[in-house]
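Chain lettering (A, B, C, D and E) follows the sequence in which the chains are written, and residue indices restart at 1 in each chain.
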Amino acid sequence: MSVLRIENLTRRFGGLVALSGVNLELRENEILGLIGPNGAGKTTLVNVISGIYLPNSGRIIFDGKDVTESPAHIRCRLGIGRTFQIIQPNQNLNVLENVMVGSLFGQGAGLKEARRKAQEICQFLGLSRIERDITRLTVLEIKKMEMAHALATQPKVLLLDEIMTGLNIDEAREVIELVRKIRDQGMTICVIEHMMRIIKELTDRVLVLDRGEVIAEGLYEEVSNDPRVISAYLGEEE
Amino acid sequence: MLVVKGVDIYYGKLQVLWDLSLQVGKESVGLFGPNGAGKTTLVNAIVGLVKPANGEITFGGRSLLPLETHRIIREGVAVVPQERELFPFMSVLGNLKSGAAYIPGARDKIDERMRFIFDIFPVLKERLGQLAVTLSGGEQRMLAIARSLMAGPKLLILDEPSSGLQPSLVSDLFRRMREIREKEGVSILIAEQNVRQCLRAIDRGYVIENGRVVIEDSAEGLAHSDHVRRSYLGL
Amino acid sequence: PRPVLEEPPVEPIRLGAVNPLGDITGRQSAQGMKLAVAEINAAGGILGRPLELIVMDDEFSPAVGAAAIEKLATVHEVDIFIGGMASGVHLAQIPILAKHGRVTVWIGAASHLVEAAIAALPDHDWYFHLHPWDYQQVEGTVEGWAAIVEKFPQIRLDRMFVAYEEGAFGAAGFAISRALFADVTIEGESFTSAVFGGGDFRAVLRHAKEFNPDAFVWVGFDPDALGMMVQAKEIGFAPPVFLGTPPGWPVGFGEIPLSEAVWLYGMWSPELKGVSPEAAHFWWAFIEKFGEEPATYFAPLGYVNVKFVAAGIERAGTLERGPLIEALREVRFEDTAVGWPLTIAPSRLIRHQGFTRQMILQWQGGRQEVIWPFEVATAEPIFPFPRWEDR
Amino acid sequence: MRNWRYIVYIVVISLAISFPFYAGVHPIHVATTILSLLALALSWDILLRGGQLSLGVSAFFGIGSYTTVLTHLNWEVSPLLSIVLGGLAAGVVALVIGLAVLRLRGLYFAIVTLALTFIFIVIVRNLTDLTGGAIGKLIPSVIFGGDPAMIYWLTLAIAVATIITSEIFQKTRIHFALTSIRNNEIAAKSSGIDIFKYLLFAFVVTAVIQGVVGGVHAQRFAFVSPEESFSLTFTILPLAMCLLGGSFSTLGSVIGAGGLGVLAEYLRLMMPRGHLAIYGLVMVMAILLMPKGIVGTIREQLVRRKTASS
Amino acid sequence: MLAKLRQRDYQILIAFIIVAAILAFWRPHVLISGLQRGSLYVLIALPVGIIYGILGILNLAHGEFMMLGAFFAFSLVTLTGIDPLIAMLPAFPAMFVVGIVTYRLTIKHVVRAPLNQFLLTFGLAVMLTEMANLIWTTRPRIVWVPYAASSATIGPITFGTFEFVYVAAAAIVLVGMFLFLTRTRAGLAAMAVGQNPRGAKLVGIDVERTYMMIFSACLAVLGPIGALFLIRHAIFPGVGGPFSLRAVSIVAMAGFGNLPGILVWGIGLGLAEAFVRSFRGWGGWADIIFFGMIILVVFYRSYQRRVR
């Protein structure tokens, strides 16, 4: 069963083809790893799926519905949740309120309910000190808050764009555990990371993007031994 | 070259660095620690973006504390900030030029430096006319590193240079750092989360936790320290 | 013997004035008032009581102007209201003045809209207006031009082109001129005054030139004067009569060669000091007291304002409203600081109207010479307008 | 704590309502003006919370004024109803304009709203038959027969309604929507916020308030004219009040309007000539010394003290 | 972004030349006076564009500073009797000093705080106007030089020639700024500072100094501009206010930080105004052109954005 299907997606920026004819399928309840060299088009793909950019051609089918033309906020409400590679949290709200925004508008909850849900999610992710001003958060806390925010919109599919970049191993492990737990609640997840160790540990399946095209797809072991992937992305290391 | 002695730093009432001392000679030095340990704060203190309450920071025997940031940079310190700090609506080329244009001595060597940089990051050459804001996350990181190299610094400070870079580039990057250090005699200070890779590039390293130095050792020593192996190498 | 009791201090007669003090007109009219008050007090006051003048700024804002009236009435408890300048401000003040119903002698606000607003009140006996209404100003010039044309047959006035600034001042001027100059063919076009960032009159002037009028009239503000002349010269537009009607003129306008033979309208001219003793007295007293020359007719008008009120009180012998109104109605000046006689008579809509005419003047040798009324004339007209090349 | 706060509210409100009973006519007059500026300031702030800087307060104010006067004169609508119509007209214009312009951000929006003011001036000036042209139009009688207390209460009611609106905007989901939009639109979209809907809603609601205030102004002074009714003062003064008091909060505008209003009155009293220069100076100094406005600065101090003690 | 000629700008430029050619035959006066007036707008708007692009400050007191420059020139002319054109020379350094003082005392503290600078510059505008009012009163001042009304005749048309100085000055200022920003290190520094002050520090740029120099230089050019303005216009304390608004509007229309756009739109507005005025009886609508065009352009952009 696929939750999200992408058919022949192309997105250009002026002369640059950031995505060219990408096909992709997210199967229910899996964790898909999306990797590829810098500038391969991973973030662009997330942006197109979540409706920040419209594609030049191709279709996006989510939960059986064609959402290619839907605006971003509608997609969010339908159940596409995402995080941002470059996070700009709302400085005027505290941690809890930032998370609340997700539940308020993503699932249309009332204020009280939104607050309760946000608290639940923060607790679930181990975010304490939630009444705090967000200027003083550590990177880990910001990343968790970003995740909490996405979770609060109650997505069916969650796109995590480099959520673990900048974390050390201990911290990354903690987040990996969390992502697993989230999946166990019935969500479908797509993670973008550059740390192969994380991809290896976390994902069920891996998809490799290079210059806007899918160059490999399969289990981690298969993909990581693919010579094209090695030359374009991994290098001789690992 | 760089000597940091007994530095205390506060954000408002919150103290984040406690009596911190460290040195970088003609060598590569790593700076490790969990999130929030104070690495970026230390980097910012060296380049004058935050001022310590106590302590002394000298570079080549000269105190950096009274100098403003741009002066410190002109003294020969180049930095790759954690947040990249590019000029978003300038082209890649403009960003690169700006790295050299205000450093005495670096101005005349722009072409030579560019060649060197395109050798490390060939992608940047393809993107030369593109506005920095439209680059991908990793490309922006490359540009930030490249811009700092344009200055031809005596001391190069990199704050999490590898984050967001593809694996092949990460190992490449650290190899290059080693090269630069050896060939050009640049002192290097790298704050990194990717300790495993970074250890290959450095001579010595410090581990900072909660704003204090907890371990100081050679690269070799760090790689064998229990604490480092457990917390930073995931072994 | 009992000690001699000191006389109780005499309560002053309070005059409350509201003027736009940031503007030269309002500032100088306030100075004119102060001068009159000082003179009257120096001569022992009125009915044995000194005059006290309280001046408030209206900042050209209706709300501020209205609040000022309210304050003068309730906090300062003034006996009489004087002052005034902008019609828009005054419109907002009228309801409040009406509520208090105290004697009001106003020297500004020429819009017929103001007159209509006053006439619409159930009772407006307490209101005296010492500035011609806009239509009266035009009526005066119609009369004046008729007289001039008769006396100087070489002057003709069959075709007139009116360039008017697009705000209330110019628009009203044009509309009324059109209605009142019955025998004259009038064309007109609006322009943006330099006051509001305009100052480009080339299109208007060009249209005027194409129309080839006997008289070109521009209805605008002081800052427009230079541009009008310069831009007319550059396209060689020199109609037989070149006339401007701003409320005042730029400093030193008379000194530039382009000003020669430009006609203007006015309530007053500095040159009247040659024919009117009162105007001469005012001129020199003003300069002595304030160290600057009166620059607009609001300076002498402010002076007249106080003098008129004082004469009325003197005549009534009391501040009681009924008798005071009666007395003011009877006040007659053969000569005033503006160089005219002053009497009160009904206007089209209201009962107490003071001045009803303005003069026709001409810039000659850097001075504003009075051409009409002939009784106070200070010079003969220069006609036709000299060619630009000769300046 | 809570109760305490309500007591303060009740005291303030009863003081405000009973103001005409113990204050003179002039203070009532001044208070009325301050209250109407307060409503403008607050309405401006409400839109600002969504990151949209409007310079078109005068435009909606003027539209409200003109609609009020014209409906009152031509259709003999009662004064109060005509004021409501003024508000509605402003709202409709905001809706139409907003549909197009709210897709643009930042200074584009500011400039368009500013341009709107001038466009209405020119239109009103040139449609002489309908609007009275540059000269304007008169209403034969002032609302409530010119009773300052009644006008005061009407304005007070509008100001209170605006305050309540502002608090509703602060306390409900709208608050979260507007703040998120202000912070980062792309992130806001991805949180499921319909940016356009919320901005349009805020724009229309604030325009209605501005139109109503304009309507009351016209009825209070019984005339309209292009220069007075669309005067930029009605944009700039509220803006200054809001920023000096502290933006993004109800209390800020209230304090700013009260403070600046009283200050202007005081300066006018102290120095009849040149007080505007001091007014400008005070504005400049206040911005330099209290960049976050009075409320923002006090709040910052409180937070600092709290963190210091904890 | 600043000082970058985009392809679209070239297209607009070509459209412009076509319009100009048509006007030259159909209504030559419109072409001449529109060009002259438009150049004045450009001249006043350019520094606003630069200050906005680099300091992120939309200077609402800009026209008031021009007023100050004009009064400075006026005082020189009346005190010493020199020609206003010569008064341009000392006006430059004088306004530069005004710029430095203003920057040090005020602007410095609100750089990159968009709302505060809005109010701050507005407060400055009020202060400057009122101070000028206290010193010089609201009575307009004029100077007279014969060449202000110089004219030329070509075939059937006679037109004023002095205002071509505005055209020349606009061209000089634009080209000067363009070269400065694209060809000099200081210009590059200015752009860098404008885009990311923190980043600029980290490459060794003295951010404070750059801010101050740019701000002061932009005010300094207002000295000569004020002197040029004085030759053709009466000056009074409120003379600058409307120009502040126009300048800000033009900068907005051009798209923030687009210098050639300022040229195109400034002159475009001048031409459009002159065009409407050239029809007898329609002069009253000329003002709507200015602001109507702003709305149209912005709506068009909004539409484009939706399509994209």
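Basically, a contact is a pair of C-beta atoms (placed from the backbone, for glycine too) under 8 Å apart; a residue touches a chain by one contact, two chains touch by 3 or more.
All figures in this text were calculated on a predicted structure; none of them were measured in a lab.
Novice: By the touch rule set out at the top, what is the minimum number of steps from chain A to chain E?
Specialist: The least step count works out to 2.
Novice: When I count C-beta pairs in contact, which pair ends up with more: D-E or C-D?
Specialist: Taking the two pairs in turn, the one with more contacts turns out to be D-E.
Novice: Looking at CA centres, what chain is most distant from chain A?
Specialist: Relative to chain A, the chain with the farthest C-alpha centre is C.
Novice: Taking each chain's centre as the mean position of its Cα atoms, how many Å separate chain A from chain D?
Specialist: Roughly 43 Å separates the two chain centres.
Novice: Between chain B and chain C, what is the gap in Å from one C-alpha centre to the other?
Specialist: That gives a centre separation of 76 Å.
Novice: CA centre of chain B versus CA centre of chain D: separation in Å?
Specialist: It comes to 51 Å between the two C-alpha centres.
Novice: What are the residue numbers in chain D that touch two or more other chains?
Specialist: Expected reply: 125, 273, 276.
Novice: In chain C, which residues are in touch with two or more of the other chains?
Specialist: 22, 27, 166
Novice: Please output the residues of chain E touching chain B within their complex, sorted ascending.
Specialist: Residues 1-2, 185, 188-189, 191-192, 195-196, 198-207, 257.
Novice: Flag every residue of chain D that touches chain A in the complex, lowest number first.
Specialist: 172-173, 176-177, 179-180, 182-184, 186-195, 248
Novice: Could you please specify the touching residues of chain B with respect to chain E in the complex?
Specialist: Listed in rising order, the residues are 47, 49, 68-70, 73-74, 79, 81, 85-90, 94, 97-99, 101-103, 147, 151.
Novice: Once bound in the complex, which stretches of chain B touch chain A?
Specialist: Where chain B meets chain A, its residues are 11, 14, 34-36, 123, 127, 130, 134-139, 141-142, 160, 163-172, 193-195, 231-234.
Novice: Report the residues of chain D in contact with chain C in the complex, numbered from low to high.
Specialist: Result: residues 24-26, 29-30, 33, 125, 128, 133-136, 138, 140-142, 146, 148, 217, 221-223, 225-228, 231, 233, 268, 272-273, 275-276 of chain D touch chain C.
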